[in-house]
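So, here come the structures, one by one.
Look at the two complexes coming up: subunit A is in both, with subunit B in one and subunit C in the other.
Entry: the complex of A and B
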């Protein structure tokens, strides 16, 4: 079920029209494909090593200059930089949700890659703490690109071309080395280096087709040497003469590899203020019933992740989710919100069925800092478990 | 498995024959007309006579009709008469014992507890389940013990541990007597049994339990089947309530706090629930309340005595009529649906979302035409399953 993995903007209430549900589902899937990013090899390896970063004392990411940008795309809060991702996980106990597919295994959704989508509560809390600011990614992209000078653009393109070329050469070299290794393993070194024992088949072919080699048209559809990189001037003889021994790597001219950078802000994002701040209209506005309990549990050291999979608003983990199972499935409520007994029954069964406790809580609106409430943040929570009598 | 052969096979308690007890699926009797004999024209007359003037014994409804009283305090309909309780439970699984989980069995259980009836006489469903669970627990404990012994024996053969045979036996004995108190008590009980049976109390236990019908069940039995008579319990003179009175009463009492007749709306909880109840009952399902699984109804194929419920129904009023365009629906979030769906898939039930199209309100003077009123509602079902591609591959 793909749509479990997203943060729903499932604040959209469930309608009573069955068809709309499917429409909604479809819309989610559509958004998913739109958000898919193609990543290059480096970024994949960096994603897969996130888990190893998490628990290190001296992580490769190091510290990140604060405030860092959170990119707002289509009402979703995104992080593209793997260092930031590991940093907030380590320091601020926020895991977010990886939502990009991996280009080499695009048909699975078990392991996902960058970008990381943050819940609106996570983004709001980071902004509230002053460690991050929100960037409207579309607008920033547009203004940044317009503000770019012509020479900047040329320099960027030249740099990018060089990078791509280097990458392509690297890829080609690797491929060649693999091929050599494979042929060595098969004992067919003769195809690469040796001309002492040319294969008999080739001789027979030569006898059967005694047409003289034409020098007019280079024949590139040769069957034998397609495994090997061939220099253009030698290509004309491919069918009839053995390829020259080639131990050297010959770079090919056509570059077929493209890499898409995972971050864009270094190129065309210029913070307008110093230190950068979030424009007022971009400050995240999470639901007032859900945010207090999120902040409350987060301040107690819990890792919170979206709980839609378990039929709740959040899952609360006592430590990093890679180390711990979650202890609570959490729902935030308004202080005077009515709750039906059926919901308590369902919640209790739900939590107990997966060995967790179902938690509800809300914030007392009359509570004030330093006022009647004293310590804390005015949030009260209750957990419910199913008991057999 | 070897453990299966070594464990003594527990003697299963024999279940009562539910096929005979619950032979009728509703408290109605199908009465065949007399046979038609082609060469005997009188048989045709006999058929016409039997059709036009049915004898009282051939009515479909039970005779006398089952009786019940409406209780305002519990918003339910109480059946206290033993014949009615028996009839309603055995023929269609209506209601619930006020002191029992489902079937009214309080009397039997109490009698057994006080020693009026024997240990294995007329076992109830709860007792059978409980015994089966105890048996299962014992079996698992025994299996674990045997597996542990086997492992120890293998390790001893390999020379990794030394098996202390002299110390083993008394320890195991001790463990047994500690860990399986059930066995000990059963042995004690066997020795005590004759004494108890000789001292059976003479005074029997008085029945304190009654059958509670939900409002929808009661209305289905009166309006739908005509098998039940409901008496207004509040007034001193016993007055039988008509279908129209019942409908208004139930609709008023489906709100908390109770509403006046003028404030009733077409989307009363009672109306919406009854429409769904009637819908599934008339399709042959046994419909029971599903509060314990956080749904509105559970659908049993033949009844709770035979199988588990196959489907869990949640009722969702649908305001699709243009009249309701201004109406603010109470909407549930997505996580609620996932919660309910998970809970019902945990207990292997398929969730059915039952949409009820609410008609616009009709101003009617006097008695409403109940069949026409019910006909203005529409029911649509959508079944929903939690489906994981990597787990549901078969």
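Entry: the complex of A and C
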């Protein structure tokens, strides 16, 4: 099951593409640049920086058509479209967990990418609100493929091949640029191979590099080596005026392999029912002791995320987790579920130790709408802190 | 101690331990024990040596070996006014609005007493 967490493609047609995820990583690293990488307008969703996910203005994709699909794979609720991911974060205060990672860096866990896994409570609440529906991903793929017309299939495959070739070339070009930059830094431009172009001087790029007197105007366009005679004793300082091999990218003939896209054609994984609904057997069934407090806090505007890191069920943030520390570590209990007083001591001490309050709560089963409880949802919560003396 | 006979011996012992601890170790003042039929167990009210939030605080004594439930907290909070009444008027009914805050005193077998503040509802921690 651990394997599924990182490679959902092993049980789904939506295969995971390292290249795309890497691009997504780069987009995340440039948090404040709001760069948008539109990788493939046909079959691949535009992947945008995390900054547009976290902020409320100019959300990518704007409004998402509701209800939108949540894909169920091996009892996990997945979202593959970054537009939906940012939309539910902005509108429904749900962050889920990005779980996509690079196969070659399986241990990294800071900058994860698509897909996004939702907690079962999140999926349940979205379905309950009627804004999402659950799709059995494996079954939908099977029926979708069988229902596809042959000519549609061939056209789709041809288009996908072209898109992927373009993507692979772009990747190759970027790899070449990285290589040039790295060698330039080391002063080993002579090592650059694989270009058919005649050598020429590259324009000066790095403004921070100290410029020797002999190359006062090194960025004169097309300045050849004969214009900038190098004195032997200054040779080490005249890196950028040396004759250099071309840093122009030349398309290579050996760009023959490419990865599978993160998102396949819609007919592969969208149900054909109209209007889309969640089959009864797929309706998420979260724990009856946990879900009431989740829904209660969510209705008060809190963002809830998994709380295992603090030994609890949820962490409750007063706003987007990228902007706020959490205020509460939360545990949902049954109304008559017994906990040890020692657990209250431990929880209260833990919460105070991390500047939070430890919260427990549950739903009164005798509460009825408009009855003894009046307004509300029958959930009582209690916040515990260390007394300080 | 009013209505003392209506509570079991071990609960009264618990209340006594916490009362003494508050008085002599935590240096609280104006301590008073409240025991009315609507209260699940006797509560103590008093004024901390250094004010936690307001002047008077409710104190709920529990034994470390006890089990506790959400329902019990709800019952205690529903039976007390938000602020403890002044001493000598301990027979006030639950007519004031319920809720607020109390200090839970956990009594261990080795005579240690620890205190945790429990709020009724979503209350932001003091440190945050």
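The definition used in the following text is that the second predicted complex is superposed on the first by the 236 of 389 C-alpha atoms of A that agree within 3 Å, B and C clash if a C-alpha of one lies under 4 Å from a C-alpha of the other, contacts with A are read in each partner's own complex, and residues count from 1 in each chain.
Just so we're on the same page, contacts are C-beta pairs under 8 Å (C-beta built on N, C-alpha and C of every residue); 3 or more make two chains touch, one makes a residue touch a chain.
Every value quoted in this text rests on a predicted model; they were computed, and no experiment measured them.
Look at A:310: by the touch rule set out above, it reaches subunit B but stays clear of subunit C. Once chain A of one complex is fitted onto chain A of the other, the partner contacts of A:300 are limited to subunit C, with no touch recorded for subunit B. Contact with subunit B, but none with subunit C, is seen for A:346 once the two complexes are overlaid on the shared chain. Contact with neither subunit B nor subunit C is seen for A:66 once the two complexes are overlaid on the shared chain. Using the contact criterion defined above for the overlaid structures, shared-chain residue A:357 touches subunit C, although it does not reach subunit B. When the two complexes are superposed, the chain touching more residues of subunit A, out of subunit B and subunit C, is C. After overlaying the two complexes on the shared chain, residue contacts for A:387 are found with subunit C alone; subunit B is out of touch. Contacts of A:335 after superposition on the shared chain: subunit C is touched, whereas subunit B is not. Touching of subunit A by both subunit B and subunit C, each in its own complex, is seen for residues 341-342, 345. Subunit B makes touch with subunit A in their complex at residues 291-295, 316-320, 329, 331-343, 346, 353, 355, 380, 382, 386-389. On subunit A, the positions that touch subunit C within their shared complex are 297, 300, 318, 325, 327-328, 333-342, 344-345, 348, 351-352, 355-357, 359-362, 364, 380-389.
Residues of subunit C that touch subunit A in their complex: 26, 48-50, 52, 62-71, 73-74, 103-104, 106, 114-128. Taken together, the subunit A residues at the contact with subunit B in this complex read 1, 8, 10-18, 307-313, 331, 341-343, 345-347, 349-350, 353.
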